[in-house]
Amino acid sequence: MSQLIPPAIIPYVMPLVYAVVIVAVLPLMAGYIVLLERKVMADMQARLGPMRVGPHGLLQPIADAVKLLLKEDIIPNDADRFMFYVAPLVSVTMALLAYAAMPFGPAFQIADLNVGLLFILAVSSLGIYGIVLGGWASNSHYSLLGALRSAAQLVSYETAAGLGLVSALLLAGSLSMKDIVQAQADQGVWFILVAPIGFFVYLVGSIAETNRAPFDLPEAESELVAGYMTEYSGFRWSLYFLAEYANMIIVAGIATTLFLGGWLRPFPRLHQHLIGTSLELLDALPSLIFIAIALYCFRLAPRQPVRIQKLVMAAAGGLCLLLAGAMAGSLFASPAVMQGVHGGFWFMVKVMAYLYAFLWIRFTFPRYRFDQLMRLGWRFLIPLALVNVMGVGTAIVLQQLWGWDPRGAELVTLAATIGVALLLAHEDEKPASQPLAEGE
Amino acid sequence: MANDPSEKVPPSQPPEGKAEGAPVSPKAAAPAAAAPPKAGAPPPPKVVTAAPIPLDNELVQRLEAHFGEAIREATLDRKQAIVLIAAEKLREIARYCRDEEKFDMLVDLTAVDWPKREKRFDLILILYSFAKNERLRLKAHAGENERVPSSVEIWPAANWLERECYDMFGIVFEGHPNLRRILLPDEWEGHPLRKNYDILKQDTAWVRENLGIESGQ
Amino acid sequence: MSDSRTNGSSEVVTTVLGADEIILNMGPQHPSTHGVLRVKLKLDGERVVESECIIGYLHRGVEKIAEHRSYQQFAPYVDRMDYVAAVSNGLGYCEAVEKLLGAEAPPRARVVRTILTELQRIASHLLWLGTHALDIGALTPVFYCFREREEILKIFEKYCGARLTTHAFRIGGLQYETYDGFEEEVKRFCVDFAQKIDEYETLLTENRIWVGRTKGVGILSAADAIALGVTGPVLRASGVKWDLRKAQPYAAYDQYEFDIPTREAGDTYDRYLVRMEEMRQSRRICLQAIEKIPTGPIMAKVGKVLKPPPGEVYHSIEAPKGELGYYIVSDGTTQPYRVRVRPPSFINLQAFDKMARGSLVADVVAIIGTIDIVLGEVDR
Amino acid sequence: MFSHTVFYFFALLAVASAIMMVTRRNIIHSAVYLITTLLATAGIFLQLDAEFLFVVQIILYVGGIMVLFVFVIMLVNLDVSLRLVQFNHQRFVAGALALILGGQVFIAFRVGRGVLPHPVLRSMSPKNTEAVGDALFTHYMLPFEIASILLLVAMIGAVVMAKRRV
C-alpha cells in the first residue's frame, strides 16, 4: 500500500473511505429508518403498514426514493430562487458533516477530534439555517412561521440538551468521543446509570432539536401544513427529509456515545468464557441475533404471496446469515477487527433503540403548543439540567476530595436532583392550569 | 311522540276547531281527501287535527295583554303553538319572550315564501324555554321590500340565521350588524329559496366569471 | 374577500394592518378545518383578536331540492348533510314527516331506530375523537377509533347495505327487518366497547400534553352558549344539563335509563370528557334496548303516496352534534312546501368566534375540532 | 504549503463575503454573507490548530447569535429595507478612511517583516480546551469576570426593556 500511495496522503485514506461509506450508506439507512418508523407506527396503531413493495414492504424505501427523485421540482414564483436552491443543501451538508466525528466503532471514525462532541453539536446546529432560509425563501407564510418556530425551538432546546450532556462530560473528563467511550469502559459503567437525569434532559432536548413529535411544531401538519417544507417537492424535499433522519441518527449517536457506552458491549467487564477457549459467551450474541432474524425470514419466505417476494425474503434471510457469519468470523480474527465489527454492531443496536424511543414517543403523545413547549424548555428542562450538573459535580467532588464511596455519592446527589425535578414539575403545573386570558 | 312534554298545551283548546288558520295558504282550505293521516299506527291514540286550531292559553293571553293588536293570532298546529305577530313589533315581543317568558334560546330563524300573498314572506322564529321545556313559534308576515327588525341583539344566535335568511330569501333585517350573504358568494344575483327562483336557475354570469365554466349544472 | 372565494388555495393572505395586527387565512383547504371551512383570523402576535368563518363552499341547496321532491324522495338527501351521522339525520326527518302526517312508527321500529341512532352517535363521536386528537397531534387514537367505528359501519352495512349514507329508516317505520344475528352483533360490540373507551382514555385523559392543550382552551360559558343557540355536547360541557332525549323524548328513549353527562368549565377538555361519557351512555342505551326489542310490524300504514294535510311542524332530535330540527310546511300536496333544517353544526359554529377570541393560533385548530362540525351540514 | 492554501482560501472567502454583506440590499442575503464570513474565520482558527476556538466560534456566533439575527430580520418588514438608500455621501469619506487604514497595515507589514520574530505555533493539541480554560480562569481571571458582569448587565437591561413594553 505504501508503495502505491504517496506517504503524505496515507493518513487521509481511511477517513476518506469512511466518509464515502457514510455518505453512500446514510440515505439508505434513512430510508430504512422511515420503513421502520412506518412499521412501528402500524404496529402501534393496529394495522400492517407497507406490505406491497417487496415482502413486508422491505423494498418500500427504494420505491419511495425513486418516486421522490422523479417528482416534479416545483419552485414558487415569488420565491428567492438562490436561497430556495441552497437551503436544503445547507441542511443536508451540515447533517452529513457532523458524522465526521461520530465514532461508529473503535476504528470506524473519520476523525477523532479532541473537541469532537463540540464539533458535532456545532455543525449539527448549523442545519437550522437550512430550515430558516428555506422557510424564508419559500415566500409562504406557513413556511415562514414553521421556520421561525424552528429557530426559536432549536435555540431554546440546544441549551437544555447541551447542559444535559455536560453531566456526562464531567464524568468522562474529555470532549473527544473516543475518550468518552473509553472512560465508560474504564469506569465499568454506562453514564446513563450515573446521570439518568442528564440522559432524560438530553432525550427530551434531542427530540425537540430534531423537530420530532411531540415537539414537531415547525412542521405541525394540522396547523402549518408542512411548516418550512410546505413549498418543497421532489428531490429538494427529500434532501430535507434526509437531513432530518440524519440528524436523528446524530442525536442518537451522541446519546449512545455519552450515556449508553458507545460501541461497548453490554456488561463489558463480564468475561464468561466458553469452556476451553478464549471466546467470550456474550460475544456470540450478535451472531445469535442475526441467526434468529435469518431463521424468521426463512420461515416467512414460503408464505409470501408472490414468487419474487419469496425470493427477496429468502435473500434477506441469507443476508442476515452472512452477517451472522461475519460476526462469528470476526471473533477468530485479530482483536482489532473483532472490536471494530462488534463495536459497530452494538453502536447501531443502541442507536436503533434510542430511535425506537423516539418513535414510541411520537405515536403516543399529542403535540405541544408553542408557549407550552417554551415553558417546558425554559422553566423545567434548563433548571433541571443545571441542577443535574451541580449534582454530578458534587458527586465527583465528594468522591475525589472527601473519599466517599462513588456509588453512595452518586445516589445521594441523584436523590437530591430528583427531588428538585419533582419540585420543578410541581411548579410547572401551576401556570399551566391558569386560563390563557392573562394578556387581556 | 305521544308523550312529548314540550308540546303540552293547556287544555283550554277546543277539541276540533275548524277555524282556518290564516297563515296557511289558500290551498289548505281544500283539505281534500288527504288520507286520514292517523291510519295504521298500532296505537292510534289521538286524533290529529288536520288544520290549525285557535289557541288561547295563558301565554297567549299575557302576550295579548302586553302587545294587544301586535299579536294577530295564536294557533295550534300538530300540538305546536304558533303566534302570529306584527313584524314591526318583532323586537319588543322577542325581548318580552326572552326576559319575561323565559324563552331563552332561539332555536331557529327562517322564512317561508308565499308569493301569491300580499306580504309574501312568513318570518319564523322558533323559541325554546329551558325553564318550561316548551317551544314557541313566532311568525310574522313581511313584504318583499319591507325591512324587518333584527333580533341579533336579543339572541346573538340570530346573527348567522338572519344572514342565511337574507341570503336565501332577500329579507332585509333592520339593525343587523353584518348583513351579508353567508352561504352564497357575495355577488350572487337572486335569492334561491324564493318560489319564483327555479331549481335549475343559477347566476350564470357569476359562474362563468368565477368558475370559468358555462354551467354549474 | 368575495373574489377569493373561488380561489381554492390554502395560501395565507397576510396584510399588515396596524403595528402588530395581521390577518391569517386558514382554509378552505387546510388539513384541520374539517372540510372546506375557511377561517379568517385577525391576530395580535399569536393571539386571536377576531375571527370570521366563511362558509358555503359545500352549499348544495338541500332545502331547495326538498321542495321539488316528494317526501320519500327527499329522505336520502338528508343523509348527505351530516354525512358522518346519516342515521340520525334520517331519524329526524322521518319522525318530522310522521308528525306532519299524524302517523307514528310501530314500537319495534322505534326501538330499532333507537339502537341504530345510538350506534351512529358512537360512530360520530369516534370520528370526532380520532380527528380531534389528530389535530392536536396524537397520531394513534384515530386508528383505534376507526377500528371500532368500522364495527358499527359493518352493522349498518349488514342492516341496510350502506355504510355511510345509510337511508336506514323510512317514513312510517323501517323498510328492512333486522338481519339474523343483529342482536348478538350489537351486543357483542357494546360489551367489547366498554374497554375500548377506557383504552382511548388511557391514551388521552390524563396525558399532560393533552390536558395542557385542551384545558382552559375555547371556554364557552353557559350563558353565552344559550344565547348563541349552541346545543349538544358543547352546551352540556358548559354545565347545562339538557338533552332532547330526556327533555322531549322521541323514538323509544323514554324507555331507557341513561344519564346526561355535564361538565362545568365549558372548555375543550370538558367537551372531550362529555363526549367520552356520552359514548358510554349510548352503549348503555343500546344494551338496554337490545335486550327487549318488541315484536310486531315495522312499518306503519302511511300509504304509498304521502299527502300530509296542510300545516306545519317542527320536530327535533338530539343528533350527535346537537339539536337537529326539521321545520316542514305542507300545502297538502305530495311535495313539501318548505323544508327547513336546523343544522346543529351551523349554529354551533357560530360560537367559534366567542371561543377563539383571546386564544392562541395553535388553539384555533383545537377549537374547530372541539365544536365537531361537519361542513356538509353547515353549508347544506 | 497545504496550510497556506487553506489559509488563503478562508481569508479570501472571509473578505469577499464581508464585502458582499455590506453591499447587498436584501438583509437576509447580507446575513447569509455575514454567516459565511464568520464560518471562514472559524476555518482560519481551525487551520491554526485552535480547535476549541473554532468550535466556539461556530456554536456561539453562527449557531446562536446569527440565528437570532436572522430570526429578527424575518420578523421585520423586508420591503422597507429594500427601498432604503444604501449609500450616501459619506461613502467618499469612508472610502478614504479605508484606504488610509489599508495603507497603514501595508506599511506596517512591509516595515515589520523580518523585524518581529516569526510566530511559532505552539501546538496546544490535544490539551487545547484545557489550555483555554486554564488561561481564562488563572491569568485572565479579572477580564473574564468583567466580561461576565458586562454580559449580565446587558441581559438584565434587555429583560427590563422588554418587560416595560408589556
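Here the chain labels run A, B, C and D in written order, and each chain numbers its own residues starting at 1.
Quick note on the criterion: contacts are C-beta pairs under 8 Å (C-beta built on N, C-alpha and C of every residue); 3 or more make two chains touch, one makes a residue touch a chain.
Since the structure is predicted, the reported quantities are computational estimates derived from the model, not experimental observations.
With centres taken as mean CA coordinates, the chain nearest to the overall protein centre is C. Across the two interfaces under comparison, B-C and A-D, the one joined by more C-beta contacts turns out to be B-C. With each centre defined as the average position of its C-alpha atoms, the distance from chain C to chain D rounds to 62 Å. Between the CA-based centres of chain A and chain B the separation comes to 65 Å, rounded to the whole angstrom.
With centres set at the average Cα position, the gap from chain B to chain C is 24 Å. Here the spacing of chain A and chain D, counted between their Cα centres, is 32 Å.
A linear topology is adopted by the chain contact network, the touching chains following one after another without closure. Listed by chain label, the pairs that touch are A-C, A-D, B-C. Residues of chain D touching chain A in their complex: 26, 28-29, 32, 35, 51-52, 54-56, 58-59, 62-64, 67-68, 70-71, 74-75, 125-129.
On the side of chain C, the complex with chain B involves touching residues 1-3, 5-6, 55-56, 59, 61, 63-65, 67-68, 95, 98-107, 172, 226-230, 240, 242, 247-250, 254, 296-297, 300-303, 305, 307-314, 316, 323, 325, 327, 329, 331-333, 337-338, 340, 342, 346-347, 350, 379-380. Across the complex, chain A meets chain D through its residues 80, 83, 113-115, 118-119, 121-123, 125-126, 128-129, 132-133, 136, 144, 147-148, 151-152, 154-155, 158, 175-176.
Residues 41, 44-47, 140-142, 213-214, 216-217, 220-223, 225, 362-372, 432-437, 439-440 of chain A are the ones touching chain C in the complex. Only residues 1-7, 21, 24-25, 27-28, 30-32, 34-35, 37-44, 48, 50-52, 77-78, 80, 82, 104-108, 110, 112-113, 124, 126, 130, 133, 135, 137, 155-157, 159-161, 168, 181-187, 192-193, 195, 197, 199, 210-211 of chain B touch chain C when the two sit together in their complex.
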